[in-house]
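Working notes, structure below.
Letters are used for the chains, namely A, B and C, taken in the order the chains are written, and counting of residues starts over at 1 for each.
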């Protein structure tokens, strides 16, 4: 791993425009900007491991708006904010007036008078999560421009219908760490494949995030799913363009075996077909329980046709030297552990369990980096100041 | 706006007794005390805008007790506490034992061992909210006197059945800011009027807070509502006395037009008739769903007779030069936006939308000022220290 | 009370191993370790009362995992963490994915990347709470050993099925304070007795915690309950051994009168019979509402046979000079106050009310001491540094 000084040096080489810009989709960011995010995350991790406080805020609020359940992202966001000195305040729509017809525009301002960052998770409704985040951003711009807000809170996408940038970036940091540098990912083959799960309705944002990001770094990306389980067209098209530009490759196949063949990395994970998510959105909105039940039954029956899409020991043998790195955003549906038949065989998961935990462990630092880059023009200078200040995180 | 030094100078001229006294009703406070609250709020705002930390507490808890839903007040309280260095801990009666017959006296002490302030919202039950806050205060006095509590937490009324002091004071700060000083409010006409809403059961505390406070500063206050929609008698009587003492005027009229005529400021807002709130209280207590449903239907039918009580462009033409300042505590029922027919016409609201946001933006500072004045004997001296200490809120 | 320097001096005399060890059961700790917990709690209290900041963490998370309702323990934990500089993040299983089959092992790591302490309350299911805490501890050990976690969060038992160490230790601190020192407890008689309550299903952890702890200090401990209301056998056996080792006594009697006779301290409190808790566990797990209802009815009927197990004025006359110290973990079922017939007569409770509040007031300091001892090798040195640093908790 790079030394702290090397990180600062690398940061200075980059030409970026992250300050005051929301982090909504990785593909809206340049390669330099993605690199800066990784470097700042690494720097914050280094400082913390050396017991040096990373509090850049003396006070200030961070609003979390989770429109879907979450444990790990909730804690990652809380950890990131705490690390920087911000206090999390949940916008819980259940106990707030937002559920009673209040407009997004107004609420966005009302929660932001002393707020530095807003983290939003909105992945339930296809066609809506990203749009909602843009709306919130527009409302904040409006409030800031008109003198309502003394500062413009940055927005961090904690998962939308299109992308899951904190997950994908944490995954990328894990890979860079595992292979000793981002540059070593060039030419590595990653299989992002659908896998069977006894549940249904899982969002598309993780596979979309992975193919949208990993194609940026010259990797050979295979997206595999049973016929009918396709993702949003635009993201697939984009992945192809990314691959062409970065000197990697991207293809869609309908065979888990083909994707696993000679793969360096495998990422088997269930998701619902795009069309199902489209049909599900109005049912969820209308709280149509019978409709949802019927759709669920239909989908589970369809899923059940593809129980062989499981990351078994047998399947793993197809990968490079039989030793591909297994990845997952967690929690995985582990056959014989968390379900009878699922995404991954118990012995495979167990062998890579600690690696998946480490993968998840990068997320707090990635989120903190996104916030720091959004709020400070010169990340390197601020990191240097933290190091020089040298306040202990724990009293010694 | 005054300079920071001018604010400190003004503070020194005042003769007040806010230290260790709860802020429950504006009319329990002297004019000097209200002025001090505004000045400290302004000072805190100035410090923050100059990136100077306003943390007067290194640690300590602030308890929030919301017995009714809230977004904006919840965030205002959280912002105020965070700004001063206190961490908010919610007393959520849903997930606490308070719902299981525990006495107020005991709970008040149990949550207060290391607590510096308690913010309470209790506006649902007429005749109860203010009484409850007094009970909590008595319990804290008892605990402090007997050595149970090392400090006596201050109480801030975040809305009760009688008054809404953080809202009314934020509104006053907005007016002082808009007109270039508190002294310029003398002789200005404000129309606090009922307006039609498709919902029912809105509390009386906002109109009561407005007539109870604005009559203190020589304003001409018109309270207007359809026959039957009267407020608590005592507050109306008090408003009259206030006006007489301050050299302003106060009158109750049953015409929106009369109130709007030549008004400098209009505050059209729905509320439920006092008598309805009285009838509603036992129904809520007994969770009598049929009774509540019947009462709601009766009231909505009655409301519907007064749909012409709407702040339209036509109505606005009646005001001073057709340009009265429109105010609202938000969220407003906006015709054609958040409802079909409501309190205010869409175009009127849109013209003043940013002003209503700014109005709301004063609340965090007002609450912070109430807390600071409660916990520090010499506000001016503490503010001076903050300025001299000069810790950056954001690292620079 | 000892001076701060005396406390530090006393701490240096102790030979303990609290660093990096969870605090799950008082009987897993040596007498020196219990003493250190009390001394550190006293030191933190002294510092705070002298307005000296006790923040040993500049940032960091504290996770609270309440698997049962709680007001006072929730606030005590929040106060303790805040006092030390940690921010509490609730793991609310209702709104997290933990309820959806996620393994304990995984979740324990996912919430711990930047976490210094985890407080757990799990007292509903007999045979499970303590086991769950051990599982979480094992998972954290695993994550720390494998480089997933940069630090191993300490676990504090905030009440399990076996013990309630933060309560029992706060009770002990109260007694040491009341009698002028731990050494003065030798030979004092304490009656831990069952008492009638109109509710049912109260956990066994308080009486078990009391007999498990008070027998360590040479006290004469009487455990009294109506036939059938026995506690977990192992804890009762342990209490006997403790008493023998410490030169005190322990006996089980089936008469409140016998226990009260000549008692210095009485602790009358309801609990459910061990066998009932055993039968209740599968019903709760299966959410068997009819079964729970039937069990409740049976138990309440059984309870009703023992309404004379009440701490009345008459009963108090049996105690040493009629003036035994009344203790309770709160909330008590007070006859004529919070229920018709309950654990304690109104006048008795009222006479000792303030004492029970003070008893509860030690809990935040006990919890803070447990955390500090878990995270710092040399408690005395850290406390000395806090004193020397002399940062004001409130700006002066």
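Everything below uses one rule, namely that contacts are C-beta pairs under 8 Å (C-beta built on N, C-alpha and C of every residue); 3 or more make two chains touch, one makes a residue touch a chain.
Not measured: the values here are computed from a predicted model.
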item: Pairwise touch network: line, ring, star, complete, or other; value: complete
item: Numbering shared by both copies at the chain B-chain A contact, with half separating same from different; value: different
item: Cα-centroid distance, chain A relative to chain B, in whole angstrom; value: 41
item: Sites on chain B at which at least two other chains make contact; value: 55, 87
item: Residues on chain C engaged by chain A in the complex (per definition of touch); value: 55-61, 63, 87, 89, 91, 95-98, 100-103, 106-107, 109-111, 113-115, 143, 146-150, 375, 382, 385-386
item: Chain B partner contacts - residues on chain C that touch it in the complex; value: 48-49, 53-55, 66, 69-72, 74-76, 78-79, 82-83, 85, 87-88, 330-331, 337-339, 354, 357-358, 360-361, 363-364, 391-395
